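Each of the two complexes below includes chain A, the first together with chain B, the second together with chain C.
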Partner chain A sequence: MRWMSLTVPVDHAISAPPCLQVEALSVRFGGGAREIAAVKEVSLRIGAGECLGIVGESGSGKTQLFTAIMGLLPQTARTTGSVRFKGGEMLGMSPTDLNRLRGREISMVFQDPMTSLTPHLRIGTQLTEVLMLHARMDAAAARQRALQMLERVQITRAGQRMHQYPHELSGGMRQRVMIAMACLCNPSLLIADEPTTALDTTVQAQVLLLLQSMRRELGTAMALITHDFALLAGLADHVLVMYAGRVVEAACAADLFDAPLHPYSAGLLACVPRWSQARASRLPSIAGQPPDPREPEAGCAFAPRCTRAQALCSQQRPELRLHSSSRRVACHYPHDHG
Partner chain B sequence: MGEPLLQVQNLCVEFQRHAIRAVDQVDLSVAAGETVGLVGESGSGKSTLARAIARLVPVAAGRIVFQGQDLLRLSPSQLRPWRRHVQLVFQDPLASLNPRMTVGDALQEPLKIFRPDMPPNERRAAVSLMLTRVGLQAGAAHRYPREFSGGQCQRIGIARAMIIKPALLICDEPVSSLDVSIQGQIVNLLLDMQRETHAAMIFIGHNLGIVRHVSHRVYVIYRGRIVEHAPCEELFLRPRHPYTRALIASIPQIPPVAVAVEPAVIETPHRTGGIRGCAFRDRCPHAREPCAAAAPALAPAAAGHWVACLRAGEI
Partner chain C sequence: MIRYFASRLAWGLPTLFVILTVTFFLIRIAPGGPFDEEQTLPAQIKRNLDAAYGLDQPLWVQYGRYLRGVAHGDFGPSFKYKDFTVTELISQGLPVSATLGSLAMALALIIGVLIGILAALRHQRWGDQAVMAAAVIGITVPSFVLLPFLALIFGVYLRWLPVAGWEPGSARHYVLPVIALTLPPLAFISRLTRASMLEVLRSPYIRTARAKGLPERIILWRHALRPALVPVAGFLAPAVAAIMTGSLVVESISGLPGIGRYLVQGALNRDYTLVMGMVVVYSALLIAMGLLVDLLYAWLDPRIRFQT
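Coming up: the complex of A and B.
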């Protein structure tokens, strides 16, 4: 057994040129009275080699946000705003150019590795295909590189695994194959959407470590999307907290874990069971349900579930504004840790 | 805790077509009103064990003594009245509800089956009462499962299981598919319902933080075998088996802690009789030669604390 720490010192490369810069991105579905705004004016920035954590409940728009960034939303969706990857605008890019970017420069790892691997193709075929298409490698070189990558993600008997089909592998192994595939072309940006939700905690710990070491060794920037704050600890440099399609808090990870400003961030953090604490009689949770996206927005979307809400909250929506040098929060009555 | 409500002895479940022994010589007991946690990774046999106790999968050998009666000796028709005493709550709340039945019909169904003498208006009243009890509006009875969120569907699942007042409630990963923010709501609801009805509970989960919160005693299962069981805090504060330790170490925490990484991957469940020695030894950092010779039996380590590891005393 090797003892490794999930806490790895991270260079806070604030000055690094942005790998991904998103400005006021909004995503809407449907029209007229039935219009649903899934993502509302989200701005974010991921520097080269940085890891940004995005946390929120189901329906908070975190997945839609990155599906929009990747240009993978259905035709019925209307995306506005700006998505710049290494300075180049991605919104409105031709499908050919987008395809060149995806797979080589930007790759994604999804929650369910079974549905994102092609069931009737051998692992080896799927891996080498990526290299032959995106990196123009010949079959032998691609095979060599695929094998290397499988070993890199600690898959035992890699040569044998190349001949297997996805269903012959366990869930954890499939997710490692997905990560190997995502890293084949040394992407600048890796987007991982709930990469460990379907996995056991033992396997989850391995996958998180793997992502961490990939990032350290290959310098890949990362966006890690999750509903569980605990997964971001030790991995993310910065964190965005999303609620009902909007960013409600943005801060550096350490600050956020130490002293969350938004009542929703504080509530989510409280839901992580603390091992050091004695057993409480009630498990912390956030009362109520996330709002129905079909309902019109009035005031703060979190107000009906918020313990700090006052009259103002249901009347006027709080803007995301600078709280201190590196922190932004959208709340009329944020927690005061001073 | 007095006379056990449920006593499982030497239980074995085999899936013949694959010659797999999913549950291997398991002993387990649950007292009335007690919550027993059952933890292990996917494929460890925890769900199969639960389903065997509910008599939903065929059993190869052993005894399931429930309220003094061996359920394995009953014919299907004799078994039927017993089923109301053991109810299940599943992981995927939407998939476990019939999409073409209103919530009200889904909740009435167990009453129709087990309380056929109950007049329809009383039945409907019981359903409304139960829906309010689990935190839904009584009007929910006229709606369909797809109209509800995951957390609300799980409330419906709990209502359906509890409406006939079972003596034992088996919860198979009841919150694993829910948002972290909602998990607490559902767990608190389960605990409240249990306090009110004094039902015993088997709580299956891989999130040890939650299992620790709800359980009185915890069993750890690995490849079909119980490798450790103890009172809850004893197990989590003084785990003896290397597997239990690895499970506990893998819980994500804030602030992050050092994680012991298991090098090996989970293999498919073992074939009947195909395994010799300790099943965990190929992933175990403490494995020595004797571990390959024979599977260690559960032995007492402290009061109520049993562990199946040859080296439990020295590591």
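Coming up: the complex of A and C.
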């Protein structure tokens, strides 16, 4: 039942603990009647060098999940479960120990490059401070390394950029800086939270290619969070589909794209526009809204929007269970691609 | 940057000129004159006085003469403080007022910002709430209530400090007036700092800094402090104005021989030249403060630097 079996060949899994192993992670805000569960009992695993895609609508808890893993949630949030990085438990770690991992072993690229860089500090300062802190480099060595990294992410006139402020750079340029910043210490795990959402389409592709090549060269494992299935094609090894704070389907990327089991995954995939579609036909969409997180759960959270829902769906919540050798799905009536 | 500053500096002079002109004519519109006493002067004496001070000339001639004087650094004789020129009066009182005002400003800024930061870091714990409640009292109680109260406690009951008065070179006489003048802007600055610091600490770039594994100390001083101070910089000019007006009251309650009394008494006595001199001093100070705030803004947020 461990979902080890579906991520990496077994002989790999025995030799070393996975890069990231999350067990039954839940995140709650508030208390009593106003309690909101943003993430519910999510388990996942990312092997060394692997890329895991996490897909879901806004509010599905995908960002909260990784914010919790990084220990970046506000103090009002309560996180339960287990997050093990290379075998070591991260939940409840002291801030000092956490800071030894963050930025060095695990780094994160955020959605909005416009607001995610400190506006009054030069690019160079924001890059070198990571190296001076984690790699104990002196200013000159850090500068050298930061320059290399900027060139590595294809930033032109890197020496000049080091002296510039974030607002003097374009959005795509800033996201490259974010990626360079995240990769400075050769992290084992890179979390990219919707890294291309705020960017132009042409720049999106460049940034994705860049992430891909950084991952290949540095052997970094990656968690790629997105609401856009199309981004994951050719990037992700495995995909988690999240809905209303829960994982509803977990599969190897190729399987999921070919034959989604959960009606929600199928719906999301159908929403990706294709050139082959007739011009006149309407783009498919999933009707309805995600559930209010303050409402108590009864049955399957997706049931009200699901075309396949039956009486059972609104009464009993489907558990995430093994469907076939390498796939898991939380649905009473999954698509049958027999 | 330097060009921007030079252009702002160049704009200061015309601003001062406009203020000067408007004040000159406004105070002449006010009924009465410097020599109107309870008992009316004999007509001949009044005429002689007016002639001696040039008040018998048409207004625009007086204005022209006054401007020429100011251009040469001469603010004219006081109408009421006989035997003193306005320049003499101001240069006697200014050091006292400047000491009082700049001490109050510096203390309000430094302590206010520190308290604001501490409160933000203790957000929603009792330390934060106690300090912010105290700050509301500090904002609402004006200096002229605070100073007699302080004088009563520390001067009359405890006898630690002089109740009022002044001796040249005595620091003890400054303590209570400075505290009374400091507390209201200090309270306001601490609330301002707390609110903006809380907002900054929730911003995406602080999350980035945390994700980089930076210790809280570096996050606070390097990444959060400068953006959090932008609203405080915006409050500086109003704070200086508040301290100026506050010092009028505080100086007269505590008997400090500053320039504050000249503005009030000058206006009441229709001491035209004295009022004009005070207006020039205060406006020049405020204009300079505006310039300083601009420089400060540019340092706090580089995005402002390039929008010139």
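Note that in this section the second predicted complex is superposed on the first by the 320 of 338 C-alpha atoms of A that agree within 3 Å, B and C clash if a C-alpha of one lies under 4 Å from a C-alpha of the other, contacts with A are read in each partner's own complex, and residues count from 1 in each chain.
In this section, contacts are C-beta pairs under 8 Å (C-beta built on N, C-alpha and C of every residue); 3 or more make two chains touch, one makes a residue touch a chain.
Keep in mind the model is a prediction, meaning the values are calculated, not measured.
Please determine, from the superposition on chain A, whether chain B and chain C clash or fit.
These partners fit in the superposed model.
Under the stated touch criterion, name the partner, chain B or chain C, that contacts more residues in chain A.
When the residues of chain A touched by each partner are counted, B comes out ahead.
Can A:Ile286 be said to touch chain B (first), chain C (second), both, or neither?
first
Kindly classify A:Ser170 by the partners it touches after superposition: chain B alone (first), chain C alone (second), both, or neither?
In the superposed model, A:Ser170 contacts chain B only, not chain C.
On the A-aligned overlay, A:Ser82 touches which partner chain: chain B = first, chain C = second, or both, or neither?
neither
Does the superposition put A:His120 against chain B (first), chain C (second), both, or neither?
second
In the overlay, answer first, second, both or neither for which of chain B and chain C A:Val203 touches.
first
Once both structures are overlaid, what angle do chain B and chain C make about chain A, taking C-alpha centres and a multiple of 10 degrees?
70
Taking the superposition as given, does A:Phe257 touch the first partner, chain B, the second, chain C, both, or neither?
A:Phe257: touches chain B, not chain C.
Touching A:Glu129, do we find chain B (first), chain C (second), both, or neither?
Touch status of A:Glu129: second partner only.
Considering only C-alpha atoms, give the closest distance between chain B and chain C in the superposition, rounded to the nearest Å.
Closest C-alpha pair between chain B and chain C: 10 Å.
For chain A, which residues belong to both interfaces, chain B and chain C?
After superposing on chain A, no chain A residue contacts both chain B and chain C.
In their complex, what parts of chain B are in touch with chain A?
Going by the criterion above, the answer is residues 41-43, 149-152, 179-185, 187-188, 206-210, 212-213, 233, 246-247, 249-268, 285.
Taking the complex as given, what residues does chain C use to touch chain A?
Listed in rising order, the residues of chain C that touch chain A are 202-205, 207-216, 218, 222-223, 226-227, 300-303, 306.
Given the complex with chain B, which residues does chain A contribute to the contact?
By the definition above, chain A touches chain B via 1-7, 57-58, 154-156, 170-173, 200-206, 208-209, 227-231, 233-234, 257, 267-269, 271-275, 279-280, 282-287, 289-290.
Using the touch definition from the top, list the residues of chain A that touch chain C in their complex.
So the residues of chain A touching chain C come out as 70, 72, 74, 95-96, 98-104, 107-108, 110, 112, 115-121, 129-130, 133-134, 165, 167-168, 178, 181.
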